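All chains are identified by letter, namely A, B, C and D, in their written order; residue positions are counted from 1 within each chain.
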Amino acid sequence: TIDHIFKEIFKAGLDLQKDDHSKALLVSRKKKAEDTIVNVKGELIGNGIPHFVFGPCAVESYEQTATVAKAVKEKGLRLLRGGAYKPRTSPYDFQGLGLEGLKILKRVADEFDMAVISEIVNPADIETACQYIDVIQIGARNMQNFELLKAAGAVNKPVLLKRGIAATIEEFINAAEYIMAQGNGQIILCERGIRTYERATRNTLDISAVPILKKETHLPVLVDVTHSTGRRDLLLPAAKAALAIGADGVMAEVHPDPAVALSDAAQQMNLDQFDEFYNELKAFAYARV
Amino acid sequence: TIDHIFKEIFKAGLDLQKDDHSKALLVSRKKKAEDTIVNVKGELIGNGIPHFVFGPCAVESYEQTATVAKAVKEKGLRLLRGGAYKPRTSPYDFQGLGLEGLKILKRVADEFDMAVISEIVNPADIETACQYIDVIQIGARNMQNFELLKAAGAVNKPVLLKRGIAATIEEFINAAEYIMAQGNGQIILCERGIRTYERATRNTLDISAVPILKKETHLPVLVDVTHSTGRRDLLLPAAKAALAIGADGVMAEVHPDPAVALSDAAQQMNLDQFDEFYNELKAFAYARV
Amino acid sequence: TIDHIFKEIFKAGLDLQKDDHSKALLVSRKKKAEDTIVNVKGELIGNGIPHFVFGPCAVESYEQTATVAKAVKEKGLRLLRGGAYKPRTSPYDFQGLGLEGLKILKRVADEFDMAVISEIVNPADIETACQYIDVIQIGARNMQNFELLKAAGAVNKPVLLKRGIAATIEEFINAAEYIMAQGNGQIILCERGIRTYERATRNTLDISAVPILKKETHLPVLVDVTHSTGRRDLLLPAAKAALAIGADGVMAEVHPDPAVALSDAAQQMNLDQFDEFYNELKAFAYARV
Amino acid sequence: TIDHIFKEIFKAGLDLQKDDHSKALLVSRKKKAEDTIVNVKGELIGNGIPHFVFGPCAVESYEQTATVAKAVKEKGLRLLRGGAYKPRTSPYDFQGLGLEGLKILKRVADEFDMAVISEIVNPADIETACQYIDVIQIGARNMQNFELLKAAGAVNKPVLLKRGIAATIEEFINAAEYIMAQGNGQIILCERGIRTYERATRNTLDISAVPILKKETHLPVLVDVTHSTGRRDLLLPAAKAALAIGADGVMAEVHPDPAVALSDAAQQMNLDQFDEFYNELKAFAYARV
């Protein structure tokens, strides 16, 4: 019937429009079919082998950071995270050590031959940060801080972009495009849970976002199991699910003594928990390869 | 300080209250530590081995249902789903074949020696349904239709309870309790995605709900990858994630010719897609065991 | 350009499709331009004058119900609400007095010459309920309990349909259509808040739904300020907003002694609070007329 | 019983904790009981009389801005909004005229004796902006861009802070605290809708947030009816609801020719629509005073 034909034309039009739009983006797989591999001091994120990023929520001291770095390095891992600038809901909560924190990260990175990842929150700090860290993290609250994205796009340094607290996948992809449009294509996407009505977890891990991001873009995708679940008992199962669904790696927080941590005390692993977590996750990952 | 002591007492009180509440529930693991295994015509759901439920969204005819049953049986699987009573947003959409659909399911179950699962929507139909089907499904829209839950709890037949469209995990557990409080403990929980702001998927698969439900209750947990994602291209990755995170099985829709399906045309697999899906999923599942 | 023309055709098609769909619904204003006025024992809901429905969350006893009825009647109001069948998250919470509660409502209605509204939860109870109450309420949890909607559509009694906990406006309208498609067009819609991430209120009052429902359908629209806010301190401001935006009336819970109420203790008004609430709301409403 | 006593102590503790926390905030009404009145070039926002902010989504040219300014001024209004830096989802959408836009606003403000409000997105631009505009707007996407908040807190210029796209009320209040903690207490809060599953409106206007913010803080609260509803047909009813519930004013977008607007074409009012909107809203507001 004529109605049916009309509907088919209509659907074709819809697809065509979407196509055109996606085709235009630099981060889109339609623009570049092969996977982007982000080289972080020799670690090739996106190369088909799972990568792991561990470290404390916040850099609190050289000793604290070095203790975690040592434990991570002993596993044969080289990617360390740690917050120097901490965006906190209240202005009276610990705001991080700032530049001092970046310097601690740099010292630890040099001593242990590791690569360090840290969040930068002010466009004015991006250039300075490049001297101290190996990956610039853009946090969830700043995913649509476009001035920050542009500043990160203007330097030659890998960027780890976290999904916004209530960002759609489309907005997430467009945020990455802000970076790449400035010339920096070394972008790692990171799913970290979205805000929903459910309170059993801190956020709701949107695990389906992983295959969608892998399909729509050519960028590597990590899953931050700490912020998505906010529960120590869910870190391992969530990490397995992340790898099973095709994530390029997993990020989680480790602290020498979570009980006295200056932020996120409830959800960080201590060193024993980390040991158990990583051993089980590694066994799971290898069984699949 | 006194403040600190007060806070500790306070927290202890909070935990105590939660404890008391959870302890009271029959479905709680605190009430029964060991896993419940639901025996569906010999299929032991919850026994540590993944189980699979496939079948069309709606029973449309004997031929359609038998075609899918045959394909499923050829994989060595014995659990078949199919809707006879279809709750639809619009009263003018196909509402299912009703009792006729249940009879078709029964005939197919007998011919292929399979167990059939179908949604019942009216408390008055529960007893009749028991003559035709092996598992009573309570759908997402009816998760808090307490009259239906009580009716399902009053018969001796396994119940597959789907999580409500925007139900919290706590509400989901309490809905199961409505069934068990009536005497029927043969309950299978099914995560099927929750409603969020994100539209890239039909619903947002709340994968973290699986380990939480396994921890809080002693009931087996399935993941419906069709309704949670609503996208054929995500069925396989979502199913892998479900098994990796500890689900007792996976549910998905299969139709001989999805393009002419009377409901959910866009998300059902055809027989070739099903073949590929199941083979890959089986390989994944076995690699882990 | 050809692209632009194509897009215009495309948009026209989209509008056309939506039009067709809306046109088909019996509850749509496209089907019937003038407002439906629901006659509840002489109270004309939808006639342009604000109507008010007050009463306890649950009918607990004749005395409790009569006490509230008296206070409401003294204001010159004739619409009384009270729950006899209470859908509760936990099976161990107070479930209502059932048929006994309906009988209490009937007795109170007769004695005070009032009309009573009560929720029915089982399709099998609809016919019996018609002997005792003047308006059948379908609660939020049952908005897509289609068997219940059909049963309510098959009797000659006004129906108050509450929006589902996470229902879209489109789903809400279609739920009303289930009732009207059975022949019963005496439907009152009730916005009662939706589930979101925000926890400062019990639900999020979607105030914009009121003008949308008034525009899309010809049915009267009430706002339940008790369940949408869940906070006694917000009842009056929310009620003013409801009337200002065009609602046909307001619904709120009143209890002689909320502290000992068997349900919703925290959000019901006591008689003094009700007195103050109604007087202020009336002054607001009259200032506008 | 002992259980009951324990629970009462427990609840008291809970309230106490909340109290302590709220008491600490500078923006809290517990810290300062009387309303803050923000003086914007003589317009006293928060003085109990409704205030109105109108203007185009984006400043596109002097002519466009002056045309709207003239129409607004003719109503006896003196507050004009207009975006110079436009945060847009895609980097390829119109990003605003930047500094040039601020200069146009300044010229228009001088010529018409009006006060201008414009969004600033980079902490580095705050000081410069102070030379051109009368109110610094912090947009929804930047509500937790703490560097920007701190920069706005360090200058002597009123700040209009919009609620984040999925921010809780508590986070919103804490964001204001970031500004006030730097010394700038001239803060106007603006509810602009939150992100939910509902798509009938662009966002869901959380009207209950208005009385909560008025109760919890001493700051004036506006409602942006354009971004919360995203629908021209809902602007007037939403504005009435905002005033009825106690907002200190309303904000809406007006454009000489919305069809050719470089952003938000679908939701801006043209001058005739603005005329009708404002006349009706004024009549509503005056009927209440």
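The rule is short, and it goes like this: contacts are C-beta pairs under 8 Å (C-beta built on N, C-alpha and C of every residue); 3 or more make two chains touch, one makes a residue touch a chain.
Nothing here was measured: the structure is a model prediction, and the numbers come from that model.
Asks: Tell me, please, which chain's centre (mean of its C-alpha atoms) is farthest from the centre of chain D?
Replies: So the chain farthest away from chain D turns out to be B.
Asks: Report the inter-centroid distance (CA atoms only) between chain A and chain C in whole Å.
Replies: Those two chain centres are 45 Å apart.
Asks: Indicate the whole-number Å distance between the mean C-alpha point of chain C and the mean C-alpha point of chain D.
Replies: 32
Asks: Give me the residue numbers in chain A that touch at least two other chains, ranges are fine.
Replies: 166, 170, 195-197, 199
Asks: Using the contact definition from the top, classify how the chains connect: line, ring, star, complete or other.
Replies: Graph shape, chains as nodes and touching pairs as edges: complete.
Asks: Spell out the part of chain B that touches chain C in their complex, as residue ranges.
Replies: The touching residues are 24, 87-92, 121-124, 141-142, 144-148, 165-166, 170-171, 174, 177-178, 181, 195.
Asks: So in the complex, which bits of chain C are touching chain D?
Replies: Touching chain D from chain C are residues 166, 168-170, 194, 196-201, 204-212, 215, 228-229, 233-234, 237-238, 240-246, 284, 287-288.
Asks: Considering only the defined contacts, which chain A positions touch chain C in the complex?
Replies: Touching chain C: residues 6, 9-10, 13-14, 17, 166, 195-197, 199 of chain A.
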